[in-house]
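Below are two complexes that have subunit A in common, paired first with subunit B and then with subunit C.
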Partner chain A sequence: MSLKFLQRFNVKDRLLGLIVPLFVLALWQGAVSQHLFSELLLVPPLTLWNTIIELFRSGDLISNIQVSLNRVFLGFLLGGSAGFILGVGMGLSPVINRALGPLVKVLQQVPELAWMPMIILLFGIDEFARIFFIAIGAFYPMIFNTYQGVSGVPEKYHELARVFDYKSFRYLSKVIIPSALPSIITGIRLSIGLSWMFLVGAELFGTESGVGFLMIMGRQMFQIDVVMAGLVVIGTLGLIINTLLKKFEQFVLRGRVSFDGGAA
Partner chain B sequence: MDIIVAKDVRKKFKLKHGQQVKNNGIVSNEIDALGGFDLNIKKGEFLVLVGPSGSGKSVFLDIVGGLSTPTSGVVYLDDKPVDAPSEKTGYVFQQYALFPWRTALSNIEFGLESRGVVKEERVKIARELLSLFGLSDFEDRYPYQLSGGMQQRVAIARALATKPEVLLMDEPFAALDAQTREILQNELIRIWEGTDTTVIFVTHSIDEAVFLADRVAVVTARPGKIKEIIEIDLPRPRHGDIRSCSAFAANRHKVWGALKAEVNKAQQDWKHAPVNSK
Partner chain C sequence: MTISNKTKAFLGSSIVPLLLVIVWQYVASSGYVASFILPSPNQIIKTFVTNFVEKEYALHIAASLKRVLIGFLIGTVSGFSFGLLMGLSRTAEKIFGPFFNVIRQVPIIGFIPLIIMWFGVTELPRIIIITVAAFYPVTLNTFAGIRNVPKEYFELSSVYGYKGLKLIRRIVIPAALPSITTGITLALGMSWAMLMAAELFIQTYFGIGTRIQLGRDKFNMALVIVGIITVGALGFFMTTIVEQLAKALDRGKIIRKET
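Then we have the complex of A and B:
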């Protein structure tokens, strides 16, 4: 345990992870300044950096990030809670499981993008369509992991609940959910992660805001630097969100033996 | 006065499709776990059940605890038929079954929360029990930070917290090493002798049975019923060193005498059982 802890802060390993990207950046910058590539096609890192700063200053970036985060949040809230509720139901009741399980499995096979025409037909190209699209992405990891956690609650915990007269809501909140929590949190993490992945897909159709929109505008106006800035921002925000979620996971599951810091 | 009365309790289990078992030479797809279990337990007594593996001891405990219903027959608790878990009953399982997300203190509070006891009172009761088991310094520890013996102490404390009239204990020390086991037996008997709780305790250890019990009830090989009840004539309060006195050995001998034939019979049954009988 303590050894693992030290290794996580091993300075050498950390540096190695920094040196390679820095080396690539230097090569890239060098190649462009030696005119090996057109600056118009492959924007050098320094220009990219300036573009990002510029977008920040103008407030464009911030407002579009806000819009995107908002969409991810609403999509996750919609799809995640649906997945959570159905996952709990399926985990607790074999009848619900038999009734819904096959349907969920079939729908899961439908590739995400294949939903798009359907959604557009149903809702038109509006904000709800975009959120619904993200929600579909958020739904599956949540229903699957919640079901796993709830159906895996040890028989002994159910018996203890009966012995000590835990019923309905108290049974759910004091026994089932805490017991299933490691799975549920994994579900939340994957669910938000997928929402983030599908955000750009959702912003590809008919939006006038969001980080995805920023990139599409950049493409249309042939501003490669803006397109690349969008990529950097999406990647960085995704990383930050994932790191925060892992911290959250560690905090909530502190004190549990089976929890090893979230390798998944 | 009898606090628990079991009258002709029978329990059959339907086996899964394709599974069969022999009951007295007849092949059947039902298993007779209990076959006419009669037992009266006095208020405040420490009764130990011993019997071969698979003789229905756990099934009987589940029925007394209201976790399972008999196929026929009744168990009365304070003259009322048991049909659901009762507030008067506490249960300690073989596996610790502590909740890993709760500290020692909070695990002990578990049973009090559903009974509407306020936080302050809960903590007070839980702290008293922790100190009774010598675990006061461990109240903030999570189960994985406790040894097996400590975990089982917490599980017993959790069952005692609701002040049950009847405490059901199903091989609570089976997973512990021999030394820890004796220490816990000593602690349990010390704590129990200061209460008027009725205990039904299941074990495979004859030493444990003799050391703890007022009476040892020997259960027959499946289908389980009471074969013989042996009064343990050792004085109370009992201390650990009673294990080496000759009266202890004599009681031990009596219990083993009643149990031996049943264990052999159960083993014969397993030998003759069809391969897929479990």
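Then we have the complex of A and C:
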């Protein structure tokens, strides 16, 4: 029995979920109408909505979203594949594990953001620095989950592979990867999620494009509606990415339980 | 078998770092790379020592620790209460859960430009960021822990006539404790990570992040690396302490259950 937030609620329950958002909206609108805060600090919800639409229409938003997504993709590709390869290596070979495991654990103690000034010193504030930073964020969940999955492949499977004389590539693709798949997929999901988080960090360090750039500009020009619009966009995209990844996970792992049962 | 397995494992794991340091020292002292890009390990140790001899560095560390502690405490207490509320009442879960889950999707760092505009470049936005970072994992794990309390416990407690506060204190919290402590450990890690965001993006005079930023501005890589090591080591110590405390708490609980 899985215990998750947002279990399938019926209609009445879904309506209950609307109470807080509506309350916040009402409070927000009320604060604006009562002029509790200056217009510079809090714009009415409707203005925010119009700003988002406006940014969409002008194409600013779309192009910046593309840049950001591109960065996340490249960063994930770099960090995720490095994590995957090292994770498989560590999972298969005790020597590699002993050599790299402690080092990775030590490096992991450093908050990812602390690396950014160093990366900037090395590469300057350019595209590569941002992608490299995102890659660091993507690296850790990938390496740990891949390692966990690969090192957890049952001994029986290894024996079977020896009997069938599966070697190198076939051994990996037929035995190791399929068996470690649930862990690897979890790694991918967490890895992309963190890439999205660190994208925002990378862009706040200074950039001339991307969703983060929109927010920096908005802050500098004191356009709070643009800053809030950026926040809404980042949150919405994060939500969409997470939902898609969960669906992807479910899709890839469908029928897993019966498969495992059959093999055991 | 003169060398025990443990020593062997230790030797094995120290080969790569040792090699790295040797290659590093060699490259740095060969002069191929400018020292502000790649300071030698020797230089870093020197910077480390001078930094720690200075009284100022202690002030930076103290400022960071204080920030994290405040944010972590507020976030943990509020997260625990919120998780407890949602865990105990399905209605509360239905009311707050969806909103909480949507807000949670926004990367915390994304809030920084907004809260700077609201509160200015002051201590408050820094604390808020750290608090939020601690709040999420504690809420989620408290909630999950309570929902995973076996039904039999509740049945038993109704036999004993436990109700209200007594039920929460005697049954719910002890049963959910492992999950709650996991949440608190995660929260500390998250607060520590977001401390860096708070100090790097919201300029401040004191903090380890400030020191790292200073190293970057002065093109002093040794300073940057010393800062990184400080952050990593402190984070490690704090997490270890909290983990040990959590273990001790859980162990105490098991013993009480047996007697």
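Assume the second predicted complex is superposed on the first by the 249 of 264 C-alpha atoms of A that agree within 3 Å, B and C clash if a C-alpha of one lies under 4 Å from a C-alpha of the other, contacts with A are read in each partner's own complex, and residues count from 1 in each chain.
The rule is short, and it goes like this: contacts are C-beta pairs under 8 Å (C-beta built on N, C-alpha and C of every residue); 3 or more make two chains touch, one makes a residue touch a chain.
These numbers were taken from a predicted model, which means no experiment stands behind them.
Novice: Any idea whether subunit B or subunit C touches more of subunit A?
Specialist: Touching more residues of subunit A than the other partner does is C.
Novice: I'd like to know which partner A:Arg170 touches here: subunit B for first, subunit C for second, both or neither.
Specialist: Touch status of A:Arg170: first partner only.
Novice: By the touch definition at the top of the document, which applies to A:Val88: first (subunit B), second (subunit C), both, or neither?
Specialist: Touch partners of A:Val88: none, neither subunit B nor subunit C.
Novice: Which partner does A:Leu181 contact after superposing on A: first (subunit B), second (subunit C), both, neither?
Specialist: first
Novice: After superposition on the shared chain, which partner residues are touched by A:Leu160: those of subunit B (first), subunit C (second), both, or neither?
Specialist: First partner only.
Novice: Figure out whether A:Leu55 sits in contact with subunit B (first) or subunit C (second), or with both, or with neither.
Specialist: A:Leu55 sits against neither subunit B nor subunit C.
Novice: Touching subunit B in the complex: which residues of subunit A?
Specialist: 154, 156-157, 159-160, 162-166, 170, 174-175, 178-179, 181, 255-258
Novice: So in the complex, which bits of subunit C are touching subunit A?
Specialist: Where subunit C meets subunit A, its residues are 9, 12-17, 36-37, 91, 93-103, 105-114, 116-118, 143-144, 147-148, 192-193, 195-197, 200-201, 209, 212-213, 215-216, 219, 221, 224-225, 227-228, 231-233, 235-236, 239.
Novice: Please name which positions on subunit B make contact with subunit A in the complex.
Specialist: 65-67, 85, 87, 89-91, 93, 95, 97, 99-101, 103, 110-111, 113-115, 142-144, 162
Novice: Which residues of subunit A touch subunit C once you look at their complex with the stated criterion?
Specialist: Spelled out, the residues of subunit A in touch with subunit C are 3, 5-6, 9, 13-14, 16-21, 24, 41, 95, 98-103, 106-107, 109-118, 120-122, 196-201, 204-205, 212, 215-216, 218-219, 222, 224, 227-228, 230-231, 234-236, 238-239, 242.
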